[in-house]
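Per-chain residue numbering starts at 1, and chain names A, B, C and D are given in the order in which the chains are listed.
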Amino acid sequence: MPPKNDWRFRLHEVIYESNTRAGKAFDVGLLIAIFTSIIVVMLDSVQSIHGHYGKLFHVLEWIYSGLFTIEYILRLISIRKPWNYVFSPLGLIDLLALIPSYLSIFFAGAQSLLVFRALRLLRVFRIFKLGHFLTEVNFLKQALKGSVRKISVFLLTVLTLVVILGSIMYLVEKRENGFSNIPESIYWAIVTITTVGYGDISPVTPMGKFVASVVMLIGYAIIAVPTGIITHDLALARRNSKQELPESCPNCSREGHDSDAEYCKYCGSPLYV
Amino acid sequence: MPPKNDWRFRLHEVIYESNTRAGKAFDVGLLIAIFTSIIVVMLDSVQSIHGHYGKLFHVLEWIYSGLFTIEYILRLISIRKPWNYVFSPLGLIDLLALIPSYLSIFFAGAQSLLVFRALRLLRVFRIFKLGHFLTEVNFLKQALKGSVRKISVFLLTVLTLVVILGSIMYLVEKRENGFSNIPESIYWAIVTITTVGYGDISPVTPMGKFVASVVMLIGYAIIAVPTGIITHDLALARRNSKQELPESCPNCSREGHDSDAEYCKYCGSPLYV
Amino acid sequence: MPPKNDWRFRLHEVIYESNTRAGKAFDVGLLIAIFTSIIVVMLDSVQSIHGHYGKLFHVLEWIYSGLFTIEYILRLISIRKPWNYVFSPLGLIDLLALIPSYLSIFFAGAQSLLVFRALRLLRVFRIFKLGHFLTEVNFLKQALKGSVRKISVFLLTVLTLVVILGSIMYLVEKRENGFSNIPESIYWAIVTITTVGYGDISPVTPMGKFVASVVMLIGYAIIAVPTGIITHDLALARRNSKQELPESCPNCSREGHDSDAEYCKYCGSPLYV
Amino acid sequence: MPPKNDWRFRLHEVIYESNTRAGKAFDVGLLIAIFTSIIVVMLDSVQSIHGHYGKLFHVLEWIYSGLFTIEYILRLISIRKPWNYVFSPLGLIDLLALIPSYLSIFFAGAQSLLVFRALRLLRVFRIFKLGHFLTEVNFLKQALKGSVRKISVFLLTVLTLVVILGSIMYLVEKRENGFSNIPESIYWAIVTITTVGYGDISPVTPMGKFVASVVMLIGYAIIAVPTGIITHDLALARRNSKQELPESCPNCSREGHDSDAEYCKYCGSPLYV
């Protein structure tokens, strides 16, 4: 167990935790860096802006890559079991956001993969650990957790429906009306049943319009099902809402400990040293 | 009544039930066969892929047809009253999925009817009998059963509305603006009231745009009704949710028996022999 | 007060009521006549069908007009205060459905007004008086009655929003991008906020796309409000749901009497003679 | 403290309050003026109408500008702390609605800014103070206040999702298919996830259609979340609904005082003198 004034322990607290002042500052600073780096990638993708500021953006992208590389290394050395971090979802995203820059040295087109940096935005949800929203997030999380299975049943039903309806529509409308193959027809069925309705493919024959009307009315009626499910589970969640600890384990860095926990429920090491 | 070690009884258990190990394996295997057979039909519909692998797909389709024919025959001989199966919804779908292959020997275009095989995907809901989702499915089923009548009243109202609004729009916008006849205008009203909005037909005149705005606002407001109904019935369903037996009757193969049932409620033969 | 075997009283029972066998038969027959007459008007509007069967449809339309005229006269003479019927919503619709035929004798184009016959479809809701759906309809009616005010507040808010957002968009996108004037921009705002999204008018400039994104997210978030309101009021309605009498007053023909009423609450004459 | 018969106090009651007869008349008159002035701006934006009545509209716009200028001055002199009004949201809107007219004397194009007058429509919500809707509005207000944080969490999640999904789509579909840069792709993701679906940008490649299908299904499933939240909070709001006073403070003109308040909770001066 590391002593309280061990530098790696303190570094862990700053980088992985948010209950110290330095930890909060690090989290906020990191979010600003991620956000501005994504703005740079976005603006660079606009051709007219790229023409004027392309070189500036190129420099900025390398500065961000440098910062994120340092952050990645610090994350690796401040944790006891680095592989736990490397293969965690957030760890893989952090790596995915770094690789394109270094890859672009060898392959010309690799820079376009910088868009994966947008995935780092998922860290924005860490901001909820910073305080005010904790209750709301826990509440929503619990309700959604209770709905996952019912929503899965619902999505499976919708997927089955769109395959069947798309296949039938392919038979009804034929190739020449835009329904050029079954996967395309299934895409149309999804566009229609979710009420998106691009209009890039739309029925032409009277029979096709009839089938489409049925699909639309089905979509209109069943949208009510997930709503009903979530409303129902929100009502249940309110009754047994439970607080979660904002700390992650200093040993294995996993989260989700109960508010009265003193030891990590995954690796058994104490949460507060 | 068949003795427990009668081969037809055991075959019935494997094919129609899912509470033995062999029954579960059969269900999973069948689902995989259905799923892959639909993938083949799908890919074959994509012209570029058909060009390369058309012959392979042709062979595969006949293999699947063979397998499903054997399955169909086994289903017929393992049940006491085969006609009950033949004329059940699932039985008709199974037959519908078989016919196109044999029809294509005599009629060239019949192969396109293979898309009906997608209907067999409905068997996917049997997977819920395999375990974990049973409670969720029963819960949703019960809530939807309670909503059927109210949703019917709602759909009847929507259908009446679209006929009236479509007819008025036909008068307002006239032929030359795409509203070429009343059924077409009703199709437009459905596209609009369900908020799909393809844009293949859209109002041109100021008066038409005004009527369209009214239709949209109506659609926007009444989408709330089915949602409210289902949410309400989910809340009711939770209170008196009731378990359903995963077994089907070995005699007439119908399902939906209560968890404490010992005899089939449709034909009176014992469920467990 | 008419004696029980007065012919006008019995005629009233057949035409306005549905609790005798003859009354039910009349209601069902009338609905079939309305429904088929609308089918004829619909088919006649399809140019290719009109070419072949135009003359047949012309004859059929006059037959229906004749039938509905007889029905209208019977309604007038079987009721004590005919003006009450003439100026009731259903009475006005019945008249509106008759006029175009007679008007077409003098004015060539008047026949196109036959689409108003679709309004008679509203009589379909009388079918709910025929039995099974009575509870569901009463339940929904009561919940919607409770929601009317809240939905009005919601719709007023939406209307204010679309005027403001449409005006701003007119300033942002200008004439040349399809937002040719403020009413048109408001139409666009309604198409967008209700998530219909035809795409006949859509933002072109980056600034316009930004404003549009805000409008969409607003629409996406506030769709939840009417749903919440109706769900809430359905829950309330269940508690104090109240039965309604299927009879209308033989004197003034108004409906909505409580199940224990013996006298008409509008004109005081006895409901059962 | 002003004596009850001070002219400024009485003017304040008429302009800022609605619990006297004169106050109600002023509110209604103002709303009519705002509404008709917006109608004028709207009609003037329609080119064909502008051609005929342009001069009349020009005169009318100056009359409205004059009336609103007088109203603005009266508001300034009848309140004790005018700056409180000037920098309040409604005060800023009132000013924003005035400036364009006077600006148009010096700058030719400034008249197009008259559309900001539409913002004054927000005063329509004052009508709820006039009586019947008070309970409904208070009820909705309270429920929405309770939902604000949860809806914020939801909107933040949606925004994160559209940035990530838009970026990925930019990589998948490339420039030539309409996804010309990342901000444009994010706009597409918003159009899709909110189920608006203009169709001005839509996926072309099979891979793009697959990603789009995922986005649509996500949008279809998560629309349920805000609905669930609001329904839930409406149920809570009903229990502890609380009346609000229709009066505003005669000193600082702020509103929202509890029904038992005697002194302004913002500046401490008595509400009734």
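Everything below uses one rule, namely that a contact is a pair of C-beta atoms (placed from the backbone, for glycine too) under 8 Å apart; a residue touches a chain by one contact, two chains touch by 3 or more.
Protein names from UniProt, one per chain: A, B, C, D = Ion transporter.
Note that this is a predicted model, so its numbers are computed, not measured.
Colleague: On Cα atoms, by how many degrees is chain C (Ion transporter) rotated relative to chain D (Ion transporter), nearest 5?
Modeller: C-alpha superposition angle, chain C (Ion transporter) on chain D (Ion transporter): 90 degrees.
Colleague: Answer with same or different: of all residue numbers used at the interface between chain A (Ion transporter) and chain B (Ion transporter), are over half used by both copies?
Modeller: Different: when the shared numbers are divided by all numbers used, the fraction is under half.
Colleague: Of all chains present, which has the mean Cα position farthest from that of chain D (Ion transporter)?
Modeller: Most remote chain from chain D (Ion transporter), centroid-wise, comes out as B.
Colleague: Any idea how many Å lie between the Cα centroids of chain A (Ion transporter) and chain D (Ion transporter)?
Modeller: Chain centres of chain A (Ion transporter) and chain D (Ion transporter), defined by C-alpha means, are spaced 32 Å apart.
Colleague: At least two partner chains per residue is the criterion; list those residues in chain D (Ion transporter).
Modeller: Counting only residues that touch two or more other chains, chain D (Ion transporter) contributes 154, 183, 195-199, 223, 227, 229, 231, 235.
Colleague: Taking the touch rule as given, give the residues of chain D (Ion transporter) at its contact with chain A (Ion transporter) in the complex, in rising order.
Modeller: Within the complex, chain D (Ion transporter) touches chain A (Ion transporter) at residues 149-150, 152-154, 156-157, 160, 163-164, 166-168, 170-171, 175, 180-183, 186, 192, 195-199, 202, 206, 209-210, 212-213, 216-217, 219-221, 223-225, 227-229, 231-232, 235.
Colleague: Residues of chain A (Ion transporter) touching chain D (Ion transporter) in their complex?
Modeller: 38, 41-42, 45-47, 112-113, 115-116, 118-119, 121-122, 124-125, 128, 132-133, 136-137, 139-140, 143-144, 151, 154-155, 158, 183-184, 187, 190-191, 193-200, 223, 226-227, 229-231, 233-235, 238
Colleague: Give the list of chain C (Ion transporter) residues in touch with chain A (Ion transporter) in this complex.
Modeller: 195-199, 227, 231
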